[in-house]
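What follows is a pair of complexes built around chain A, which joins chain B in one and chain C in the other.
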Partner chain A sequence: MSEKTKFRIVDGLLIAMMILPFVAGIVLKILFTPESEGISITGAIVFFEIKMPLQPLQITEAQVNSWLVMVFLVGLCLYLTHGIKVVPDSRRQHVAEWIVEKVEALVSDNMGDKYMAFAPFIAAVLGMSAFSSLSSLLGLFPPTSDLNVVFGWSILVFIIITHYKLKGGVWNYTKGYFEPIPVFAPMNVIGEIATPVSMAFRHFGNVLSGVVISTLIHAALGGLSNVLRVGIPAVFSLYFDIFSGLIQAYIFAMLTMLYISNGFPEEAYEKRMKKKAERERRRREAAALVENK
Partner chain B sequence: MELAIAIILGCCAVGAGLALIAGIGPGIGEGYAVGQACAAIGRQPESRGQVTSTMIMGCAIAETTGIYGLVIGILLIFVAPNIFVGILQKAIGA
Partner chain C sequence: MLLETQQLEIISVNIWSILISLANLVIIFLLLKKLLFKPVKKTLAARQAQVDKIYDDAAAAKQTAEADRAEYEQKLADVKAEAEEILTDARERADRMSEEIIGDAKDKAQAKLERAEEEIAQEKKKAMTELKDDVSALSVDIAEKLLGREIDEKDHAELIDKFISEVDDNGK
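For the complex of A and B:
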């Protein structure tokens, strides 16, 4: 088998990896949707439950669809980077490089060059959020219109933010709650908790409202005549699904970047690192002294 | 019993309508933001791209409160009646 055929076969497999998840999602949706008259607005369909000590673990449509989007994204990344060369000669490598450059420019513009290591994470958040919202175009249940999925992301972001805030030392972090005056402490705590909640609700609410409004438009047009259902809802989904979903993905990534870079206490971190280095130096000197004796 | 359920359904609908009053704030705020962005572009047409992207981002963030109202409205219409009627039936023991 020549090199070229092998390359083609791997390419085909990767393309299948990108398309099959969505086909699987549509098949699952068709199999599990209960028969009903007309259009109904429901939450995610529960596929099956696993018995757990506290409460049964439900595997819902939202989870499964987000896994499918993940598989799609992995396939997309592998496809775009398949057979990359130092001097690009294929179209897909140009696309891949364009994406990487754009994300790196976004990160360096909003966070600074120190945080370049965040570029892959931001790209993952952007891609995941954007493609999750866009999956509603195929008639799938968009995972971002389930609060649990988005809340999971925002809790992850919150953990990263807190980790970066703690880099200035625990004392510095605790002190932050009592500023500008100690009376503000409860408000600061509420503000801290509000960060992940508002991030999650913003994203979830926008996508959910898109889903509900497009379903209502669909139902209303169907009530008038079945012919009107063709095409007209697509115009509305241009705004509610595509524009709103992409804007929310961008905002989620943007807020992640801003919160992380604003939360990082630079001065306190440098002071702490200096102190640590000093302590280390002294310890080593003392050890050397002991050894010399 | 029917009367109680009717009151629950009616109040849920009224509550959903009231929740959508939250749309006033973002409407005024976003209008003001867009107006200011237009003024900024008029003053410095070369900064159009930056102003537009900042404005869209600010608008989407300002929209959050309106979206909260919308979420409450949707919950009140599609989710709450079932829960409330269930609570009522449990309380009565029917």
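For the complex of A and C:
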């Protein structure tokens, strides 16, 4: 078998890896969607439950669809970087390079060059969010209209923010809650918690509202005449599914970058590092003295 | 409904779902890093290195070319100077030679002229002498005839010569 045929076969498999998840999602949707008359706006379908402490672990449509999106993203990455060369000869390589360069430019513009390691994370946030929201175009349940999914992401972002804040030292972090005066402490705590909650609800609410409005328009037009159902909902879907979904992905990524880079107390961190280096130096000197004796 | 299912409320919070979603994002982050960013950045770095190398090569080639050009220009200038020198030399030599030739020619011509003048003078002298002899002989003849007797040629030639030179002196 020649190299070219092998290349083609791998390409075909990767394209299948991108398309099949969504086909599977549609099949699942058809199999599991309850028949209903009129408008019904509900959350995700629960496929099955596993007994766990606190709450049952539910495998819902949102979870499954986000896994499908992940498989799609992995397939996309593999497809774009398949046969990557130093001298590019394919359009897909240009696309791959464009994505990497754009995300890195975004990170360096909003966070600075020392946060460059965040570029894949931002790309992951953008990709997951955008493609999750866009999956509603195929009639799938968009994972981003499930609060749990976005809440998971925003909690991860919150963990990263707190990790960066703690780099200035625990004392510095705790002190931050009692500023400008100690009475403000409860408000500061609320403000801290509000960050992930607001991020999650903003994203979730925007996508959900799109779904709700799309359903309402669909139903309302159908109530008037079935002919109106053709075409017109697509125009609204253009805004609510595509524009709104992409904008929310961008906002989520943007907020992630800003919160992380703003949360990092640079001065305190540098002071702490200097102190640490000083302590290390002294310890070494003491060790050297002991050794000499 | 094909299969029995239950549906969630629109807003429902499930801690396990949140954890799964959190883990999903971490996993996709690692996958993107490994599958997209790593190969692309590696390629970009390799390309940058290649481009840098090409630029360096070009710069080196340019430098060499500049050096070569300077060398050639130097050589050309040298050659030109040399040619100029040769030409000047040749011209000088030619001038000198022509002067020599002309001088020679002039000298020769002068010598010839002098010789010719000398010859003329000699011829004149000769003619004069001949004429004198003739005249003396003629006068002796005439005098013989007039006197009717032979004059001793030898005795009287001296006399006549004297006479002629007196005439000659007066005539001049």
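Here, the second predicted complex is superposed on the first by the 289 of 293 C-alpha atoms of A that agree within 3 Å, B and C clash if a C-alpha of one lies under 4 Å from a C-alpha of the other, contacts with A are read in each partner's own complex, and residues count from 1 in each chain.
Following the convention adopted for this analysis, a residue touches a chain if its C-beta (ideal position, glycine included) is under 8 Å from a C-beta of that chain, and two chains touch if they have at least 3 such contacts.
Note that the structure is predicted; figures quoted are calculated from it, not measured.
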Original post:
Fit or clash for chain B plus chain C once both are placed on chain A?
Top reply: fit
Original post:
Which partner does A:254 contact after superposing on A: first (chain B), second (chain C), both, neither?
Top reply: first
Original post:
For A:149, is the partner it touches chain B (first), chain C (second), both, or none of the two (neither)?
Top reply: second
Original post:
Mind checking the angle chain B, chain A, chain C on Cα centres after superposing, to the nearest 10 degrees?
Top reply: 120
**OP:** Kindly classify A:198 by the partners it touches after superposition: chain B alone (first), chain C alone (second), both, or neither?
**Re:** first
**OP:** Between chain B and chain C, pick out the one touching the greater number of residues of chain A.
**Re:** C
Original post:
Which partner does A:208 contact after superposing on A: first (chain B), second (chain C), both, neither?
Top reply: both
Original post:
If you take every C-alpha pair with one atom in chain B and one in chain C, what is the shortest distance in Å after superposing?
Top reply: 6
Subject >> Overlapping contact positions on chain A, where the chain C interface meets the chain B interface >> reply: 41, 208
**OP:** Please name which positions on chain B make contact with chain A in the complex.
**Re:** 56-57, 60-61, 63-64, 67-68, 70-71, 74, 78
Original post:
How about chain A: which of its residues touch chain B in the complex?
Top reply: 41, 198, 201-202, 204-206, 208-209, 212, 247-248, 250-251, 254
Original post:
If you look only at chain A, which of its residues touch chain C in the complex?
Top reply: 30-35, 41-47, 52, 54-58, 60, 62-63, 66-67, 70, 73-74, 77-78, 80-81, 84-87, 93, 96-97, 99-100, 119-121, 123-125, 127-128, 146-153, 155-156, 208
Subject >> Residue ranges of chain C touching chain A (in the complex, touch as defined) >> reply: 1-3, 5-33, 35-37, 39-41, 43-44, 46-47, 50
